[in-house]
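Chain nomenclature is as follows: A, B, C and D, assigned in order of appearance, with residue numbering initiated at 1 for each chain independently.
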Amino acid sequence: MNEKCMELAAQLVPKTFVKVAKDASHSREKQIENLLIHVRKEGWDDISIELLLSQLALMDSNNFMGNCGLGEREARVASSLVARRHYNFGHGIGRSGDLNEPQPKAAGSSLMYKLTNRFLEDLFKLMGIQSTVRCILVPLATGMSLVLSMMALKSSRPGADVVIWSRIDQKSCFKSISSAGCRAIVVDTKRNGDQLETDVEGILKKIKEVGANKVLCVMTTTACFAPRACDNIEEVAKLCKQFDVPHLINNAYGLQDKSVMCRIQKAQRVGRVDLLVQSTDKNLMVPVGGAIIASFDEDLLQTVSKCYPGRASGSPIMDVFITLLHLGKSGYLKLVEERVEKFKLLSEKLREIAAGIGERLLESPQNPISMAMSMSKLPADELRSYGAKLYIRSVSGTRVIDLMEHKIICGQEFKSWGSSTNDYDVPYMTAAAAIGVTDDDIDLFMKRMKKIFGKNQ
Amino acid sequence: MNEKCMELAAQLVPKTFVKVAKDASHSREKQIENLLIHVRKEGWDDISIELLLSQLALMDSNNFMGNCGLGEREARVASSLVARRHYNFGHGIGRSGDLNEPQPKAAGSSLMYKLTNRFLEDLFKLMGIQSTVRCILVPLATGMSLVLSMMALKSSRPGADVVIWSRIDQKSCFKSISSAGCRAIVVDTKRNGDQLETDVEGILKKIKEVGANKVLCVMTTTACFAPRACDNIEEVAKLCKQFDVPHLINNAYGLQDKSVMCRIQKAQRVGRVDLLVQSTDKNLMVPVGGAIIASFDEDLLQTVSKCYPGRASGSPIMDVFITLLHLGKSGYLKLVEERVEKFKLLSEKLREIAAGIGERLLESPQNPISMAMSMSKLPADELRSYGAKLYIRSVSGTRVIDLMEHKIICGQEFKSWGSSTNDYDVPYMTAAAAIGVTDDDIDLFMKRMKKIFGKNQ
Amino acid sequence: MNEKCMELAAQLVPKTFVKVAKDASHSREKQIENLLIHVRKEGWDDISIELLLSQLALMDSNNFMGNCGLGEREARVASSLVARRHYNFGHGIGRSGDLNEPQPKAAGSSLMYKLTNRFLEDLFKLMGIQSTVRCILVPLATGMSLVLSMMALKSSRPGADVVIWSRIDQKSCFKSISSAGCRAIVVDTKRNGDQLETDVEGILKKIKEVGANKVLCVMTTTACFAPRACDNIEEVAKLCKQFDVPHLINNAYGLQDKSVMCRIQKAQRVGRVDLLVQSTDKNLMVPVGGAIIASFDEDLLQTVSKCYPGRASGSPIMDVFITLLHLGKSGYLKLVEERVEKFKLLSEKLREIAAGIGERLLESPQNPISMAMSMSKLPADELRSYGAKLYIRSVSGTRVIDLMEHKIICGQEFKSWGSSTNDYDVPYMTAAAAIGVTDDDIDLFMKRMKKIFGKNQ
Amino acid sequence: MNEKCMELAAQLVPKTFVKVAKDASHSREKQIENLLIHVRKEGWDDISIELLLSQLALMDSNNFMGNCGLGEREARVASSLVARRHYNFGHGIGRSGDLNEPQPKAAGSSLMYKLTNRFLEDLFKLMGIQSTVRCILVPLATGMSLVLSMMALKSSRPGADVVIWSRIDQKSCFKSISSAGCRAIVVDTKRNGDQLETDVEGILKKIKEVGANKVLCVMTTTACFAPRACDNIEEVAKLCKQFDVPHLINNAYGLQDKSVMCRIQKAQRVGRVDLLVQSTDKNLMVPVGGAIIASFDEDLLQTVSKCYPGRASGSPIMDVFITLLHLGKSGYLKLVEERVEKFKLLSEKLREIAAGIGERLLESPQNPISMAMSMSKLPADELRSYGAKLYIRSVSGTRVIDLMEHKIICGQEFKSWGSSTNDYDVPYMTAAAAIGVTDDDIDLFMKRMKKIFGKNQ
């Protein structure tokens, strides 16, 4: 309520009461001011968040009193349930040519988008990126965001259509290459002890073979299932710099881990890093549907933004906006630190279980999120049934890799699909301690593991 | 509440009361049963919709009591505001390889997606498509859906990368071609009276020039700003059939109009139609963010679905799911019929205004949604200021085309950008009567038009 | 967002967009200003209502940022579901001594209460009360509000404890008299044709018998089940004036009918009317839980307000506040007028049904809401089973009066309970066309009536 | 979804996925079953709570599909915002004659009410009541609930209308006596050290003076502002037993403290306790508006329930229902234990502050919730300004008692209003550590106290 309303209110309710209320409402306004001038640390309460959302929504034309819409797209919403769940936003984000361009019909949506991207840049700093980085949140999941990134690289690198890819067995990651109209050259990982590591030599060899000017980019991956390690992004970055080849990092769930982010920072310092793609749901605990594309090169990021033809859903943006306001920097850091503890806890517990059944935790020191327990004592053809047993007992997210799955994706053959290499010899099960995992998750998991593997003890 | 709960309830509240309540709850269950066996006509009340949503959400693993998540993506949601606005869904849709593949962690989400696609197929029938058609709802807006469609065509048509495009001046539509890694050949529209029509001859000529096997597809557009007409999709379909070239129809907001849909049906009968892309926000009154890709060829649609690498946001699916339940078939038909009336009303009113200021409504009989009023009497250099005047008076969606904008997009030059042709000679203003437009919209518009153009009367 | 925030926003989003948004947000503020200076006619949209609620809530201390609560009652709310459903209001209304006194910790709640009472006064005018009337909304249903009214009368009329009561067979109405610590003298209604009317002579006789100074009040009732008529409140008002006895009108659901309200106005002009009690759920379509106590005497109403010891629930106030904003005056009038039409429709339809089974509609011209159909041809001992049949077929609200129920309530014997008289001879069934009744209600009712009484046709 | 729906779902989504989902949905049903057979310990998540609410709401006739309402009260709700905030409940609770009687139109509401009362009985046990106790939740705040309690006592004790009242300076408490049509005899508290204690002798004297059969009840108070102590309810209970006089305990915010509840249990064992009244907002962290009336005598409680004429708001019931499900027993106990810690913390901190300004904490060992700091060094006429200073700095709930307020309420004169005695000589300020108080509250309070009293240090 504005000054005038407060005066009028003071005719109905004692002046002193209204005075106190007015002071309090100024604090809320101050909070928004601070947000706009970029001061934010602690999380906001839900009242403040919803108040801001409603005020932003009122800046969009579909919520103007007396707006009349004579276009083909006026953000009219048929169901009040739908309008409500979008806090009355309807225009999405972007303008025909550019995701990041403000939309004249939707100043509020546009502002929300700008702020969200700014919050994300803050978050990168918080997690260890010291160089200036730019972020755009795209309403696409990781795979499609990799496609968009490659499209952008293509537009500035005509004739180059080969992607040299350090193998990581996530289907959507590999498929993104052909979706982007490129040809993948797979460089298998190399075993070192239990751990699977980047074959930097292999990549070098391939760059030379193909010819650097034909290479659209080298694609590496940070966060992945153990025993594969985070790629050696520093050395790959050096190669990329040396050969003037773009370096695209699939950092799908690496944003939640400081060690990964520090390696990215280092890679940028010692070599070349062009684009980073990270999932919002995996890192920020929002529903599936968004990704952050980040770059140290503002122009390149703008190219990405302009590659997206047309407007896009504002829903994943709103989720991130709300979540980052809710958590604040301090809240996110707390989650990040807790995750590290849970990772240790899960390792210990799983190590115990493994010991009890004559198995062991594979050593993958360069994987800070996922871990793998060997399954070498069980009959090979029964391994998958253990996965099924876990599934029907509501354990989600673990994977059994029996090394027996051979797969052809987009014409490329993969042996031992799931392991990220053609020749690993220890079947295993993976589990991850990702952001938001709780003691309860770990306890329940242990109980069920004991039940299922009990007979082997 | 199940049978057992009802019995227990009857120990606390009189049996007869519980009996009546139980009968009533059976009606709700029956309603869901009917939905699953594909009986649906009238709209549902919000209670029923929310009940169904909550029951579907409980089928997703993140809402299982006692679920423990040890993966990197467990649909944990940090903010309760976010969880609430997604009705506790978090897993999105799709599985790494395929948008349309059920997700083991999310039976409820998967079911919602299947049902939504089925509802959409119903809707196509309702609007006049008699042939069997398959739909998938993608959480991408129109432009990106065109990209996805072209990607799918490419995968089955190696070597073809030319898109012959009947000019329509929507930036995102044109950009989608280069985003898909294709080369556009623009065929300007032809003037016939006031109306701008498809240059079928021109298209034929280009197919021959390029060579049919190099042509990825011909892209036509149905719904557009007047005085451009709906493309002559029947004739283009014939050409496509004759030359064995795919035909991609940008039907962005044509689903709302039966005459357009009948022309699509006819085009399919007499020729070739491969993929249809329609916006959900423009046709179904949901927030921006989704599109329906439809095809008469189930395999091709599956290819599209498999082209999308990874999971995707479930939010646009939920919006459409809710909206179609809310409206029912009868509700949608009512909106469609009202729109036709409003179109007539708007035409009449605008014709009057035009007459009053010495202008006229351009004749574009084959455009059932948009209309254009000439602006030939006003100084050419002032025309744009009229657009601004409307904008600041909360009139949204009208466009002033002064024929003076020359634009280069992705290397292609367009004269008179906005008019869909290089040589139109009457500047004009467009207005559309799209689904959901109200009498109030039209009244307010007329008042403001009179105010702004009053001095010219 | 304040001026400052808008300026800051204009650094992130183009100035012109922000300008348009700012103008639009002024319209919303203007709307609130108008409300506070008492201009209100059309209903508000939900966005505006929720915005106002959130702004009012922020005026309560429990929502102050930095509030610290060191009392025993600080409106802390444990469950976020509860907080949300009360829009973060928690302090209720009133202050220890007085319902209507502003609460220092809750300027927003207090303001909402003041405004609601003002809206109600408007509504009385709208429905036909021309004299100045004051209203307070109490979070008590009708029965308890009658108790509160009698308590207030007692405080200013020591020694008087007899309530002369024109019989109306609603249990809570009669019980309210003894709950208030008073003694009831029942004056049976008089039959006139089919209709049951006030025995004005009988009331006069009782006043004389008891002695006017011993009479706390005469209690009459307006809205009731047919064939009882609205009491002859004008004549009773004259008696009350003549004998200087207070007149309490149980106007439970009379506010929705202009003819009843005009009779109240007339009664006030020609005689004495002290307090009027009307249910909010019955008249305003909100959940059960509130009543409006109205008076032409401001001081008396203040006495009522001061009789309520302590604070009270703000929930029924919020319901009425939202509803009156939602409907606006025009929306309420529309409902009122539709109700009159539905009453006619229901009468006609029921008359037909009655004719078909050899029964008839009883004539009760002075009951504008309820009607009764004779049930004289059916075996007396089966009559109730017809009520049960309707109940299990989801017909709610009808009543079968078989004239065979004799009841003792608070020591008083009533013959033919339900009929409001000791000697009616035609059993009957009542049905009402109250505010909000729809064509669907009437259609469904008719279908089920035909099914149930079909065999008698 | 029922069995049938699950089968149908399995035709759209793989059987195994549906199987897992079905198992999970059984867990939710089991949870409800357990609730109905009275097993409940841990709090529920919001999804479960809302699911239960929606299932209960569907048991009420207004939510039946195909219900037709022909009565005057059909729980139709005009505003969807209102319907939503009540989870589609509308019928309130109770039936004309009795709050606790199930309502035929509203099996779900009735069931919710029964369950809530049962939960409350559990809570009494949890807090230390071993004897069988019955509870009803009334949608009235404390003052009005005291009135209702006295009404009930009156109905079984004709001729008795004197309430002997151990003075406690809460206006609504005292006013409740005259609102109930009774006469209060005030027995001042006695000073013992700093603490104000029950004058048991004085009460005895008054019983004898008035004559036991004229005494409606003795009213004592447990929770109050320091330095007044919890009344000596054990000794009073003995007197009441001896003289056969009812004992009504105003236990407004005593339910949150185990020591108070144990004293009540003891009082019941050694003497007589008839009715206990406790506020829901003060004890259960819900919005103002409800109270729990409890009794060891089931018949008496039924009399109370029958004294309430008519239906009543279900809103305060829903708040308590949700909150108790949300917290579970364990959650409530946690809050209770934390409160005890915060009480200690607040005492220490306030003691320090007091020492710093030459004041001290008054010793009131029998008050477990509130505490008082002397204000003897400040000019008497400035004391109130300190209250105002705290108020405008968003400190709520503290009270400054300068001993200078003389007040007449309902004809009774009180000296030193606020202190609960006529002759205390140390002015003071009170602060309470009530349920839900946080470290933040205490920190902020201390900061502001230091600021305000700084100059005196």
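Everything below uses one rule, namely that contacts are C-beta pairs under 8 Å (C-beta built on N, C-alpha and C of every residue); 3 or more make two chains touch, one makes a residue touch a chain.
The shown structure was predicted, so the numbers you read here are calculated from the model rather than taken from an experiment.
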Pair with more cross-chain C-beta pairs in contact, given A-B and B-C: A-B
Distance-maximising chain from chain A - centres being C-alpha averages: C
Distance between the centres, which are taken as Cα means, of chain B and chain A, whole angstrom: 28
Chain centre separation in whole Å, for chain C relative to chain A (CA means): 56
Chain B-chain C separation of Cα centroids, rounded to whole Å: 48
For chain B, residues that touch 2 or more chains besides their own: 16, 20, 24, 46, 50, 61, 64, 66-67, 80, 104, 391, 394
Footprint of chain C on chain A - complex, ascending: 1-2, 4-5, 8-9, 11-14, 16-18, 20-21, 24-25, 27-29, 31-33, 36-37, 46-48, 50-51, 54-55, 57-61, 63-67, 80, 88, 102, 104, 107-108, 110-111, 114-115
Complex contact set, residues of chain D against chain A: 16, 19-20, 23-24, 80, 391-392, 394
Residues of chain A that touch chain B when the two form their complex: 46, 49-50, 61, 64, 66-82, 85-87, 89-93, 96-97, 104-105, 139-144, 146-147, 151, 154-155, 170-173, 175-176, 178-181, 223, 252-253, 279, 281-282, 284-290, 307-316, 318-319, 322-323, 326-327, 335, 346, 369-370, 391, 394-399, 409, 431-437, 440-445, 448
